[in-house]
Structure formats: C-alpha cells, structure tokens
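Letters A, B, C and D mark the chains as written, and numbering starts fresh at 1 in each.
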Amino acid sequence: MIILNGGSSSGKSGIVRCLQAELPESWLTFGCDSFVDALPARMRADDAGIVIGDDGGVSVGEDFRTLEAAWTEGVATMARAGARIIIDDVFLGGAASQQRWRKALDGVDTLWVGVRCAGAVAAGREIARGDRAPGMAARQADMVHEGVVYDLEVDTTRTESVECARIIAAHVR
Amino acid sequence: MIILNGGSSSGKSGIVRCLQAELPESWLTFGCDSFVDALPARMRADDAGIVIGDDGGVSVGEDFRTLEAAWTEGVATMARAGARIIIDDVFLGGAASQQRWRKALDGVDTLWVGVRCAGAVAAGREIARGDRAPGMAARQADMVHEGVVYDLEVDTTRTESVECARIIAAHVR
Amino acid sequence: MIILNGGSSSGKSGIVRCLQAELPESWLTFGCDSFVDALPARMRADDAGIVIGDDGGVSVGEDFRTLEAAWTEGVATMARAGARIIIDDVFLGGAASQQRWRKALDGVDTLWVGVRCAGAVAAGREIARGDRAPGMAARQADMVHEGVVYDLEVDTTRTESVECARIIAAHVR
Amino acid sequence: MIILNGGSSSGKSGIVRCLQAELPESWLTFGCDSFVDALPARMRADDAGIVIGDDGGVSVGEDFRTLEAAWTEGVATMARAGARIIIDDVFLGGAASQQRWRKALDGVDTLWVGVRCAGAVAAGREIARGDRAPGMAARQADMVHEGVVYDLEVDTTRTESVECARIIAAHVR
C-alpha cells in the first residue's frame, strides 16, 4: 500500500496516475475525492458532512467521520485481500489522520509519502485548474503535514509529477 | 446494503442519486464505474483488464477479476463496519456475478434490486447521454439479469428514476 | 438553425445529442452551458455575471448580457457562413430572450422548438442527475416559455429524447 | 483578442484560466476543445471529422475544416461585436493555421502567443492528466509552432501557468 498525503492542488492525482503507469503491477487508487463522491449530495454541504467555506477552509462532521472510518476499514481489507492500493489523501487532522490509517492498516505493508508544494505555487495551480475553492491550496500546504511521519517526501514545487512518481516507484521494492 | 443490477443506460446512477436523497440516513455509493476509475489507465484497454469492443461488447480479464474480488471484499467490510452502502453494478456474468457478491457479503443484510429497461429504450438513452460505446445498452439489457434472483425489480422504461427510488426506499425497513 | 428552448432538466442536451445522431448532415451545437463555461470563473458567482441562488433562481447581470449579445452575433455569423447549428438555450426572459435571438438571426432560416417537461418530473430528474442547484427545474419549467412562439413543441414528460429528436428532425426538411 | 497556440499538454488551458483571473475585464474563452465538443459524436471518430490515432496523431477531414471555418468567422464576429476573447488552439497546420485565423480576424487587434513546452515534459504531463491519447504531446510539441509568428512566447517547461499568464497580461495594454 502507498499512501500519499498532501494539500489541495499539491499534485497528488497527477503523481498517482504516473505511478499507476510506472509500476509494473496493477495498482488500484482511491482517495478523499472518490470518498466524497460516494456521499449523498446533501452531505457535501452539511455540517454533519463536509463543508467548504468561502475561504477554502474545510470542516467535516460526525457523519462524515463515521462513514470515513468504515471506508478506511474496507480499504484495509482490500489490501489484505491482495490488492495493491495507492491512497491519495489530505490529512486535515495531520498526525491524528495518520494515526487513523495506521490503526486500520495494522499488519499491512505501507509506504508513507509526503507530497509537498510551496503554498504560493499550489495557490497558482488552484487558479489554473479552476475547479477548487480559492484558498484551499494555501491553507492546506503546511497544515496537512504537521506531525506526520513519512518514509519518503517529494516536492512538486519544481519537480514534475512523472519525476516524483519515479522517485516513489524506486522505493516500492 | 442495497445492490442494484442493470444494463448500461438502464438508469441505475440516477436511481442511486435519488435513493441517497430519499433515504433519511446517509448511504455511501460505489459501483462498477467507480471501480473502473480506480484502475490504471492501461488496464482500461487491455485484455487482462477491461476491453470495450466497437459493438459495445465488454470483456474483462484475469487481473480485473482479481482486483475486483479484493474490492468486493473491501466493500463487504465497509458494510460490516456499519456503513450503509448502495452498489450500482452490471452483472456481466449474470447469476455467477451475484454469487460472487453473495459469498463476500455473507451475513450482511442485502436488498437485491433488478433495474430493468427495455433494450430499445436504453439504446435511445445511450445516444442521448453520448458518453457510452454504442451497442452496450442493447446487448446488456437482458443478459445481466439471466439467472439473477431479486427481492425487488423496477423498470425505468416508463417509470422515472425518482419513482423507482421511492419504490426501493419503501423496502428498506 | 434549430433553437431549442426549455427549462433546466427538461432534457434539451439529450435531444441535441440525438438530433446530431439522427440528422444526416453535420450539425454543430452550442448553448447556454457552453457560453457559461466560456466566462471567467469569477463571473459565475458575481452580480455582474451569473448568480444561482440557493432556491435555484438564476439572475444575470450587465456584463453577462453584453458578452451574451456578442456571442449571439457570432453564432448568427457561423450560421450565415454555412454551418448548421443547434442552440440549446434557457429563455430566462421568455419572449424578450426570443426577440434577442430573432434580431441577431435576421435572414437565417430558423426552426423554433419548445422543449416542455412537467415541473414535477423535471424536478425529479434534477435530483437524478445530481449536478444542478435544486429548485431550478421547477422554477423554470413554465417561466421560460412565457410569450415564446414555436414552430414545434415536444414534451419529454412521457416521450424519450430520441423520439423527440425524430419529431424535430422530421421538420428539418 | 488573444490567441494562444501550443501542443497538447503544453498547459494552455491552465494559462487561459489564470489569464481570465488576472485580467481586470471579462474575457470569454473558446478553443479547439470547445469546438470539438460542439461536433456530432460520430465526427469525433470519422475520416471526414477528426481522428486521433493510437500513436497520438491527429487528422482532420473536409467536414471538420468546413465547420471550423464557419466557427472561426463567428468568433471573429464576437470580437468585432465588442467581446474580449482568448482562443486556445493547436495549430496542426502550423503557419497555414495562423493564416486561416489572420484572414478571419482582419481588422481585429490580436495578440499572438506561442505556448512552448519541452516535448519530454509535456509527455510526462500527458500521463499525469490521464485523459489524452498517449503520444499527442510529444508529436505536437514543435510541429504546431512551425512557421508561426508570435508577438510573445512563454515556456511552461519551468514556468508556472500563473506566471506565464502574468507575462501575457502585461502585454495586454
């Protein structure tokens, strides 16, 4: 299992697609975006679900956490059942988020990867992609890494996605 | 757990969104589309993965089946961990596909729903949506239901998605 | 030129794709969605641009109207230059919106088509598609047709898109 | 009017979105992607329309050229009618493509911008975005600039989209 953690617009999805192309085996990918897509529409703008503020702040409620915990368990089962999995996540809770994954993944061989990107550069890419709430990239750039321990870090500020993917792939035995 | 099975363009996704809106609790949804999105791009045009022919025929290979089995296990775990889940699937193998789910879902309370749509009508909707290989809808309309046993069947040929969703919701306790 | 006018979720886009498939010649299609996509992101949530309220109400400002007028002129030029064009629009201003098109299209042979859908049914389809502001469909269902004169009307409440497209195609010489 | 020309995955769309955010006035944007979306589905895989080969080669047929010419005329009219417009194009014909635009834009004040990106880097970004035919980026990287005359060139190989947009915006009076 490979877990990528990084702020919004830090380039995680691009790295994931390159990793899937680079690695010789077939790796499945899931992440916070695919999880949020699985929620009822009403939870995407509800205090019990996930709310994205006008300043790009993200807050999640109790229902979100409950479903996310079950989802995390399920992903761990997929890994134990033999699927190679790349997770693309945003640790809004920093070290606490990592701890949640660690608990679910007990016994699963996991490569922890930090995806860094300078806040100002991520903010520019947020404008360029045009589909994210302005402000998320800058807010999350450092916050999501607080207290998180990695096997490996990449920085997309000046390194292309495909290059970052190669660095990560080299660590996957 | 609710499992909807129906051919391409039979209206499953619309019913799922209406079900998520209709049901008072928060239900997660996954399905063959979200699974295929999780695959490496190269598996979406590879004999070991999934190949969609010019005639709309779909064939899946060994790698696909292996990852799908792990994914199915994981979804069952999510349900056992307390998440309410709606699956939107296309049983390309008919009764055999149902059997795969049944095995993984052992002990999980499941509502099996058949989503029917007359082949000719589904074929028209396939043109209207414009993002599917022509021919899939007609080919799958009956095939996916062969030998499958349901708790409930809905037919979108003349019934709106929201109406079908209400019928299904009434069976959820 | 063919102009389809109907409320949100009345099924215009599906009819357009079927019309493009049905008609033997190659028809280009544009519409209010493609126009809005062409605007700067900031105009999609600005009083001078286009604002979609929480109740599904849509209001457009002066900048929007100015750019829309230039766009309308341009589309008329494409038609005069020989392109067959299908427009998929929402006449928020009813008869006044039609008048704007009429003025720009002076001398261009135009088929005016009303796309009706019962408000309650359109509202259900709005939930099923899941990507529109709730309330738009019901609000616009009748409003957009006020005072508009058609060569032909279709009603998607009980008629499939592909059927509506065939009815329209039969009127295109 | 601003016309950006560059190969696939050279970063044109990102620059356009940043330009729209950067420029104080409201600029509309159109381009080869929005034009291709306007075509009938069948023309997107037809010799008379546009065909994308397995090697990423793109060939367009007579019907495509005819409709494109009318579309170009229409865009020129929009500009003459007062709309500020940014075009995002791929000059498959190099200088000949520029000549077609020049003819239609007679009298319209136009800023010609070349968007360069080293072929190898564009090819990596093509994998990262995951929605383009592999090979297009490398093939088009130099080809589309052959014989084209620019007011200004930017290079996304090592410069962020938002930076390129600022350079271009500084040339817009």
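One rule holds in what follows: a residue touches a chain if its C-beta (ideal position, glycine included) is under 8 Å from a C-beta of that chain, and two chains touch if they have at least 3 such contacts.
All figures in this text were calculated on a predicted structure; none of them were measured in a lab.
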Maximum centroid distance from chain C, chain identifier (CA atoms): A
Residue-number overlap at the chain A/chain D interface, same or different (half cut): same
Chain B-chain D separation of Cα centroids, rounded to whole Å: 39
Separation of chain A from chain D, taking each centre as the mean of its C-alpha atoms, in whole Å: 32
Computed distance of Cα centres, chain D from chain C, in Å: 27
Two or more partner chains touched - positions in chain B: 17, 21, 41, 130
Residues of chain B touching chain A in the complex: 17, 20-21, 26-30, 34, 37-43, 48-49, 63, 66-67, 69-71, 73-79, 81-83
Complex interface listing, chain A residues touching chain D: 11, 13-15, 17-18, 21, 121, 124-125, 127-130, 158, 160-163
